[in-house]
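Shared between the two complexes below is chain A, which pairs with chain B and chain C, respectively.
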Partner chain A sequence: MSQTNASNQKYFLPRAGLEPLVRILRQRGYTVLAPTRRDEIISLAPVESADQIARGVHDHQDGGRYRLTQADPEIMFEYVLGADSPKRYLFPPELPLVELRVRGNRFVPTSQPPAIAQYAFLGIRACELAAIKVQDRVFGHAGQDTLCADAAEYYRRTRRQALVIAVNCTRPGGTCFCASMGTGPAATEGFDLSLTELRDGFLLTVGSQAGAALCAELEIRAPTSTEEGLAEMKLAAARSHMQRHLDTRGLKERLEQTIDDPNWERVAARCLSCGNCTMVCPTCFCFTVSDSSGLTDGVYGRTRRWESCFSHQFSYVAGSGPVRSTIAARYRHWLRHKLCTWWDQFGVSGCVGCGRCITWCPVGIDLTEEASRLGRHVPGAGVVPIPKAGGTKEALP
Partner chain B sequence: MLAKRPIPKVPPKSRLAVFKFSSCDGCQLSLLNLEEHLLELVDAVEVAYFLEARRRELPPPYDVGLVEGSISTPHEAQRIRQVRRDCRYLVAIGACASSGGIQALRNWADIGEFVGAVYPNPQYIRTLDTATPIAAHVFVDFELRGCPVNHAQLLELVSALLVGRRPNVPTSSLCLECKRRGLPCVLVTHGQPCLGPAVQAGCGALCPACNRGCYGCFGPMEQPNLNSLGDRFLELGASHRQIKHLLRMFNAYQEPFKQASDHHERLEQQK
Partner chain C sequence: MIHHVADMDHRPPPGMGGWMPVEATIVNIQQENFNTRTFTLRFVDESLCESYRFEPGQFNMLFVPGVGEAAISISSSPYQIGAMDHTIRMVGAVTRGIDRIGVGGVVGVRGPFGRGWPLNKLAGKDVIILGGGIGLAPLRPLIHWLLRHREQCRRVVLLYGCRSPEDRLYAAELEAWSGRSDLDVLVTVDNADEHWTGPVGVVTNLLQRIKVNADQTVVFVCGPRVLNRVAAWNFLQLHVPPAQVYVSLERNMNCGFGRCGHCQYGKHFVCRDGPVFCFADIADIFAKEEI
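The block that comes next holds the complex of A and B.
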């Protein structure tokens, strides 16, 4: 994906033009990843034809609740993505890092570096582009420093050759608050092409040289001013239909003062510490690396897997035991990382307002609601400290 | 220059023993079901005692003892002490050994009534009032959860012990495995009660992959919040009785499940 916003040239792509687009991408060697309907969710998956892209379906999302219903069969993108974001492909949930064999008295690496797929993301949203930008800062891209050099190589190479055809949201999900976070509902950067769906086709915006080159092969025409106006109206309506909000003014500063906030205990009574929120969050980057050894074959391996700050074991530090022993301490760490300390670490917000952590939380804990409560108690009027560890019965190792 | 060191002698193979207590044999069968890995296993260790697999019995001591089943008779309570003395590492495998298993449901009932109902001559039956996990009787070095145990975890356990590293067996929630696999959450998309958020990972999210809620055969995870999950099940329309039954299965006698099921039983009776 090119970093430059080549032209912002606009075209009209008729509905029938989507199939040739998928075909051209595939001919160029891309694995096209698009929203598909899988069981009862919209899931980002490889498609061979535009027919496989989910259409005629609406999503209904709320805290801890996700349902799909039938809608106008002609309309394609009146839903947002389900639990999975491009994170699954750029930063896979499980990645073998190395395989070693014993030869004589030494270890010899016997694995090839993992194959790097050439992905074309079709139909991802503005918040997801913002999330990719956030993870770029974590794993490094285009010369940025990286947090974890070796494991990030896969990310960097996959990312460099990915192509993005974004879709602007005309019908935000029930838990979205991208407008508050300044990341959506329309994509403004980080795409090669973007589409806004109208009745007979799409208003197409060019975002990069690569996007412009693709356009040369598509059946497109100049848009009418009505089409452009309609697209604007749809996006304005989407912005005003956003059902959740987060007031970000002074939020970081407010959260800095919340170490002893009594609300952590209140939310910890509900939080299951299950980690769903971190798995689905498109910016969460935590992983664990574990080694394996075969029984007799002399093969040793090292694998990277998604991990979560909600896992008690994950906060275990050699010599001092778990550093976040209570659910309150773990929830506090999570929310403050997303909205406060991420700024210190990476210079941006760790939350892009996609709403996934709200929808996919089994008990429907709402980050926007929790964040708005925090740091508002009157100092001195009964602050409840986060309790120390101890007394909890733990499972064997 | 370093002096040439003598080449160490190949150590004798580690000796593995497998013991059965009150159980259905399913976990031992999981060992036998390792298929191609079974051959590797018998190459890697000396199977010194495993009655379900071979008649030959080699005398103790054993390096690793895998114990299936719970302690439910006076004789078993005696025998487990000897087994502990005979094994360097003692690993409880499966829900029965790590929590008491299904048979621990007797712990809420009158065992005398059961014995009378089942056996024509109950006077010959010698049984304890309770079925309890191995760790309630002797020190256990490690536990593998599950009903039955998971193949990959069994192999991981043995491979790790052979090279002297800590087995990589996570204690976090099943949801992490479920989400890594990219499965649609049955709780969020269908409103089905799923114990996953309170259950230890390890099975690879078998049940959610078949579109049904987890029923907890791996037992409680580290620090489960069963109060909150129970409240959520009630909101989804489950009754106290249903929640009690969900918790009183394979791992009913694991403390967090026991407490939560007792809580829902009290509320059920109040109604």
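The block that comes next holds the complex of A and C.
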């Protein structure tokens, strides 16, 4: 993924041009990851042909709800995100780190460092690019932190080799609020190519040298001014059709004052502490390295797995138990981390507004709602009522 | 504002920055009390023995193959080159695993991690060191450092509390320190036996026995969570400025270098920004529960 917007040159790519694109990428050694329809959800998975990319479906997302329905079979990308994000590939749920044998007083590595795949992300969205940018900071790709740099080597190397062909969202999902977070619905940076879907093809924007090089092999033509105008209109419409909002003005500062907020107890009464929100969140980075021993072969493994701050053992301290023993404390930690302390740690918001944590929460807890309620408590005035989703800016002081 | 300026900033040496722990032989085990022993480790790699340095208050991740890792403070003098001590209380899988390995066996080490005691904040000050139980372990390198640089500060007071006389860590060393004129040592126990002639009660009670020259004092605290809180509170009540009170905190740790997220404490990663914190930097959350 190139950092620079090489040209922002625009072209028209007919829909039939996707197949050659996938073929070229594969010829160049990329594993092409694209949205596919699997188990009735959209899932980011390797594809060998553009035919395998999900098309002709609409998604319907709401708190605790995800459905696909049939739509115009010609149209490809009128759905948004499933549970997966590029995180699954750049920061895999399970990664063997080292394997070793004990030989006398030496630990002898018996494994090579994990192989680095060359990924081409096709059809990922603006909020995903924003999430990758957040993880770049977390994993030090952007060079902020050199302490134990080789520990994040897998991320950095995978990331460096990855290619991004983004798709701009023309039909926002029911739980999206990227417009509030300034991350979407159109990708403005961090892609090699981006596509905006029109009636019979795509308006293609070049975002990097690598993208420009790809274009040279594609069947493209200059776009008409109508096509460019249409694409812009579609994106403007998407922005205004977004149903959820989060007022980010002063949000971090407001959340700083919320440790004793009574609303944590309120949300804890619903939260199951299942950790789904952290698993689907494209920026959550917590992990546990656990050790195993092959009972017969004498090989000891160290494996990194995603971890959730909602788990009981996450903050467990021998002798005194988990530091965050209540669900209220865990939800408080999660939400404050995403929207408040992430800023202190990494200089950005930990939330990009993708809405996944809302969709995949089994009880439909909505962080935009929760966040807008927090820090508004006036002592003695009771708990502030739930503002209507989407109306937060007007409804609250 | 970060009040802590590490004057040494020790990071893992080259080759120790990844997930592969480095081998160290257990060369000695010293029984401290019924469930705590001090393990002296020596890197198998001789050049590492020479080059490895740490700040008092830093810790290592100690590794038992197939079992796991535990964050353990380095408890020996920073001037002791070649071998280093870890004083370990046997509480679970890894700590007991280290114990089972025994003298001559090998454990893995990653580190040193974290930021230690602020050695550059002591000049011309009275220093009060308050430890409880196993909390004396990360304070021991500090005491050794202070005894080497004794001229830098004025009075140095060590207040230490533990359950019973048999529970004292470094008992012989405590005796030796008590005999020194440049160090005031006060030890208290919760439960005395017939031989005990010293004070009985919680360690913070010892504050009544010393004169605290509040604004000229720097305080270092390490103990169980409750003790940390009570001690910090007592010092603040004695008008020691918050910027001069330092506490070493304990959290669950998995990576040791600010990536796994386990040790988060508000905006801080305890493994990286701590474990030693200036009270002024955590004043907003220190008294809160379940952060």
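The rule is short, and it goes like this: the second predicted complex is superposed on the first by the 364 of 397 C-alpha atoms of A that agree within 3 Å, B and C clash if a C-alpha of one lies under 4 Å from a C-alpha of the other, contacts with A are read in each partner's own complex, and residues count from 1 in each chain.
By our rule, contacts are C-beta pairs under 8 Å (C-beta built on N, C-alpha and C of every residue); 3 or more make two chains touch, one makes a residue touch a chain.
Since the model is a prediction, treat every value here as computed from it, not as a measurement.
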Inset, instruction - Considering only touches as defined above, state whether A:Y66 meets chain B (first), chain C (second), both or neither. - result: first
Inset, instruction - Would you check which partner chain A:C309 touches, where first means chain B only, second means chain C only, and both and neither mean what they say? - result: second
Inset, instruction - Scan A:A329 for contacts with chain B and chain C and give back first, second, both or neither. - result: second
Legend entry - Which of chain B and chain C A:V102 touches, first, second, both or neither: second
Inset, instruction - Using the touch definition from the top, say if A:S273 reaches chain B (first), chain C (second), both or neither. - result: first
Inset, instruction - For A:S293, decide between first (touching chain B), second (touching chain C), both and neither. - result: both
Inset, instruction - Could you list which residues of chain A make contact with chain B in one structure and with chain C in the other? - result: 290-293, 307, 313-314
Legend entry - chain B partner contacts - residues on chain A that touch it in the complex: 38-41, 43, 64-67, 82-84, 88, 93-94, 269-276, 279-280, 290-297, 305-308, 310-314, 327, 359-360, 362-363, 392-397
Legend entry - chain A residues touching chain C - in the complex, by the definition given at the top: 97-98, 100, 102, 105-107, 109, 138-139, 145, 147-153, 256, 259-260, 285-293, 300, 302, 304, 307, 309, 313-320, 323-326, 328-329, 332-333, 337, 340-341, 344-345
Legend entry - Contacting residues of chain C [partner chain A, same complex]: 11-12, 17-23, 25, 44, 63-69, 91-92, 95, 106, 108, 224-225, 250-252, 254-255, 257-262, 264, 266-267, 269, 272, 284-285, 288-291
Inset, instruction - Note which residues of chain B are touching chain A in the complex, please. - result: 37, 40-41, 43-44, 98, 135, 140, 142-143, 155-156, 158-160, 162-163, 165-166, 168-173, 175-176, 179-182, 184-185, 187-191, 194, 196-198, 200, 211, 219-225, 227-229, 231-232, 255-256
